[in-house]
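Shared chain: chain A. Partners: chain B in the first complex, chain C in the second.
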Partner chain A sequence: MTAWDDSRRPAPSFVSRHRWAWGLSLVLAAASAASLMVGRYAVPPGDILGFFMALYAGGEGMDASRFQELHVLLLDVRLPRIVAAMLIGAALASSGTAFQALFMNPLVSPGLLGVLAGASFGAALAMVFFDHWLAVQVSAFLFGLIAVGLALGIAALYRANSLLILVLGGIISTGLFASLLSLVKFVADPYDQLPAIVMWLMGRLSNVDARTVTVLVVPLLAGMFALGLSAKYLNVLSMGDGEATALGVNVRRIRCVVIFWATLISALTVVMAGRIEWIGLVIPHVARFLVGPNNEILVPFSAVLGALFLLIVDNIARNLFPVEVPVGVVTELIGIPIFLFVLLKTRKEWA
Partner chain B sequence: MTVSLCLLASLPGVEWCACPSAAQAQSTRIVRDAAGRAVAVPVPVARVATLGPVPVLNSFILALGKGEAIVNGLPLFARSPRHKYQTIFAPTLAERPVIQGPGREPDLEVLLTLRPDVVLTMDRGMAESLERKGFAVLVLAWRNPEDVAATMLLLGTVFDREREARDYLDYTGRLLARVGDAVADVPDSRRPTVLFCSLKTMTQPHLIADWWIRQAGGISVTENGRHLESVLFSMEHVLKWNPDILIVSAPGEIDQVYRDTRMRTVKAVVNRQVYSIPAGAHPWGYRTVEQPLTVLWAFALMHPDKAGGLNVKAEMKTFYGRFFQYSLTDAQVEDMLSGIP
Partner chain C sequence: MTAVLDARDVSFGYGGAPILEGISLSLKKAEVVTLLGPNGSGKSTLLKVLLGIHRCRSGEVRLDGRPLRALAPVDIAKRMAYVPQSHSLSFAYSVFDVVLMGRVMHRSLWSSYSREDRLHAENALERLRIAHLAHRPYTEISGGERQLALIARALAQGADILIMDEPVSGLDYGNQVRLLEQIALLASDGLTFLKTTHFPDHALLIADRVVLLKQGRIVGDGHPQQVVTQDNVRRLYEVAVDIVSIRDGYRCCVPRLNRSDNKRAGGRAVER
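After this line comes the complex of A and B, so read on.
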């Protein structure tokens, strides 16, 4: 039963409809507070509490050097990383959910139209030719958008409003930018630039700073909010283009809106932390398994679940091993068994 | 390659052959490379090709004063300011053809045209592949400081520069001993903690750095009995380690450190003790033939009060003049010490 069928019943309240997402948000809030307590730099919980009380009191009540030390650790290093992990997890999961609904295909991930391949190429290109962090971020973002623009352009060449042609355009664009990335890796200095590119492609949160998070938080939240608002239309699209059009939905416009925002926030995740795979594919499945296929509930729930997932994974990456491990690698190692488990549980539906 | 008569040489792992090879009617000698393979190389070796990590392979040859014997140019990735001293030490490198693609695969036709007497590589698979095509190939490898000495001895034999190779080892031994003596009585509490890193990758990229920091009388914050070549770390690690001295991999990263507010409480930043690793034929922080100078430079940085008669700049001129056969100018000394992008 879809949400469209449900619409003939009295509409549940906003809070009631999203009770799962709200509940999980409380867990997320608790997890983020706990994450602030753990790290390589051991600080007793009492000191952390004391720091925030001193912060509230304008720095009073704590030794100035200790206050400064904890300010750097908690607000400049740990907090931006925690916020970045949640934002990236939420962005990738919500864009993955939206893409799976839009393309009516559970194997779709945010990278379908080439945004991750394009952004990876853009970052690598800037690492080799500009060697400036801001240039790397801007280039990653622009080439992410260019790659999706290319996929849309290829689809437009056929003058067909077909999802299949769009997917084809995405495959071509992804292939092209993957090749260009290989080319950049070939010419990169193996002593210096190539390791930097490889690290970037593994996905990492170890160097996220407060400034980047501050700049990107608004567009990321705006994108996720826009996808949330589009969710009810995605429910209609799931009935097919003809039905949706008959119900007064502008199919083309909805597709453009969803693709635009999903692309934008996916590209911004690469800008922030490099390439982190699997979240956009796995989390929508887990979320669907838990709360069902209604996109109005699924999209926000996926976002919160994605945030929680990457937050936990990053805690593992930064605390569990003797050395820091790229978060993208840990995401894959943990995400794949979860994906297999969910597939096993839902195999009857897939058969 | 068939060899009929071999005489054992004084060096372990080296056998001499006074006979011509069947194929080339040229004297050959059998040497044992770092992979433990017995390889017949011509005598004398006048033409050598380097494949793979060309700059570091070249640096060994340059240190034996045989730069003119290198028949290939620098690959694309090494044609950058970072490796400019390669062509300063051996100007002929600028005109030599490139023999490997961006993926380090050899261009066999160019290699055949160059007719090298011996090819040097660090890739055993590539060595065996080239050997099947008729090239004499030596695999070189170094992970520990003593491996550098073994490589110098091997190449000294191959190039008939055994005296120079032993001179290099003597010099290195004496220099390390002088530094070792100077820091021997320094208690741990007075040894500075040091982080050598690349900010681009947020890694301590080379295990050898733990060794040269220790030799120079410091405590490497990444030395924890690890076997991993590189250590990935986060900003939180830097705060936890709180190093007295921070050595970055390029000069541009010094300013980056000072501007990064997350590092503003780190002792190295507070005390303005952030430096870029010097670079000559190769960056000094890596495994390189210039490693004795790395130790000396780091020692002077960490214990300026104990440097006494050890003068880094004067020693650099001696080192490059004696082994690379190149007289450094004062400007070049400063340039090397400032690090190269």
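After this line comes the complex of A and C, so read on.
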């Protein structure tokens, strides 16, 4: 009866129930501070502290040219990139977690309904026909949503409110936009546009600018918050439609809300940094391995873990090699062995 | 006594041909009603219509006299719970977390489970004497234990009408008997049960009333002694059986095996 005695204790407070997430958040804060220091131009911690104190004092207390230099390096180059890495990692990990619960399948990733394929096509299309960065971003976002809309539309054609049909719609939509992407690549100028498309599809954080990050931080945080709020319904939804309905949950509404926000924030990650794969599949697994499958804890925990993961991977991508490697490539190279390890440890769950 | 759940002339189909036709069925408080019918007769579908998971095509289901289609899922869930066949999940939630899910409609969007919710879940586990399983993964306990956990979830939900889809299927003999005992015990506390089964014996054992379903229609409804008869079981399943009385007025249903190399022995048994 010892196991049971444990639950007899007073209901754990918010902090103790989420102590993993809190602890990890501290690690994340430390990692982001450390990321400010490292790079091609290393900045000692004292200088960073001095800079922020001077910034707070309105430029006083630091040599003016040094202040300008650090202003550009820290605020215009490194900080947006650090924030973007954390936001993208968190967004992909939390939408992956939400999708896995929603589709009752731990092998699902945020791209299931076609959002990543659609956004990739949209970006490539704009690169070839408009050649303007804002157009690329807007087009990526719109086609991400259109692809998911197509998947939902195909599912609606069958009039069956079934997950299997929805997955089928996603497969069709993903396939369609993948082939359209090939078509765009085929017509693209092979000396100029094609390499740009290929590089962009690898996923990179070096193009991230402060303005994009400032604009997108609000919808990204809102989406993750919405997924966090849906967590206790996600638990119920993963029991199946019939049971969830009988438990008093409006299955259709929750499903729509989760698909909407997960799609939106996944599309926005593509807008910021191109296509970064594997985080949405691997991080939920690692997180579940560490804190268990209860989505009330799992969704926020995955978000923090995803943020930490992409931040570290980006530091590796920009520091470890003489030339910067696209972060999407490093994510895959590091993510796949971790995924294998976790699968071997947890396969029992699936029996 | 008035009916807590009342279906009148209900029909249902997914598209073309109707699966259920002209179903009228009512449950009274603290009654154990067993639904018998061959595979494909529409038992599971009927349960889902009664729960409001499927909307009936014509006719009406009333819960406490109010039409089901006028009630929100939350209001239905507070009175009536669905206990599915014990299933395996993709995620290894703890038994406690599964039981706690029964409290989901008591929570608003903004709040997590309260101390009171956890207490309800604990009490439900204790009532079914599976408190020791609370922190075990749901995926690693036995089928019988899962079925008890799902009943505990229904109790935590606060429902007093339990709709069970083949609760004993997949359980070993001992667990089947223990589950039936548990159902009888909870019924004596005032809970109402509607359950489907493939075993006429179980209907004879604990049901207050038996309903026979064939090809989407009700072909019998009444006291087990009157409904579970040799003729009715033969017509329902197209196999020959004997209903024999044993001690204390209990009856049980024994199939007559139709063995080709032993036909004459079987023939004599029928004559006798």
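Heads up, the rule we're going with is that the second predicted complex is superposed on the first by the 337 of 351 C-alpha atoms of A that agree within 3 Å, B and C clash if a C-alpha of one lies under 4 Å from a C-alpha of the other, contacts with A are read in each partner's own complex, and residues count from 1 in each chain.
As a convention for this text, a residue touches a chain if its C-beta (ideal position, glycine included) is under 8 Å from a C-beta of that chain, and two chains touch if they have at least 3 such contacts.
Since this is a predicted model, take the numbers as computed values, not measurements.
J.: Where does A:106 make contact in the superposed view: on chain B (first), on chain C (second), on both, or on neither?
T.: So A:106 only meets chain C here.
J.: Given the touch rule stated above, what does A:196 touch, chain B (first), chain C (second), both, or neither?
T.: First partner only, chain B.
J.: Would you sort A:341 into first (chain B), second (chain C), both or neither based on which partner it touches?
T.: neither
J.: Using the touch definition from the top, say if A:158 reaches chain B (first), chain C (second), both or neither.
T.: Neither: A:158 stays clear of chain B and chain C.
J.: Where does A:318 make contact in the superposed view: on chain B (first), on chain C (second), on both, or on neither?
T.: After superposition on chain A, A:318 lies in contact with chain B alone.
J.: After lining up the shared chain so the two structures overlap, which partner does A:207 touch, if you call chain B first and chain C second: first, second, both or neither?
T.: After superposition on chain A, A:207 lies in contact with chain B alone.
J.: If you look only at chain C, which of its residues touch chain A in the complex?
T.: Where chain C meets chain A, its residues are 48, 51-53, 72-78, 80-82, 84, 87-94, 96-98, 101-102, 104-105, 107, 109-110, 112-115, 118, 122, 131-132, 134-137, 139-140, 157, 163.
J.: If we count contacts the way the header does, which residues on chain A are in touch with chain C in the complex?
T.: The touching residues are 1, 3-4, 6-8, 10-11, 101, 104-106, 229, 232-233, 235-236, 238-243, 245-250, 288, 292-294, 296, 348-351.
J.: In the complex formed with chain A, which residues of chain B make contact?
T.: That would be residues 53, 55, 76-78, 80, 82, 101-104, 198, 200-203, 205, 224, 226, 228, 230-237, 239-240, 249-250, 252, 260-262, 264-265, 283, 286, 341 of chain B.
J.: Any idea which chain A residues touch chain B in the complex?
T.: 39-42, 68-69, 72-73, 76-78, 81, 127, 131, 186-193, 195-196, 199, 204, 206-207, 209, 318, 322-326
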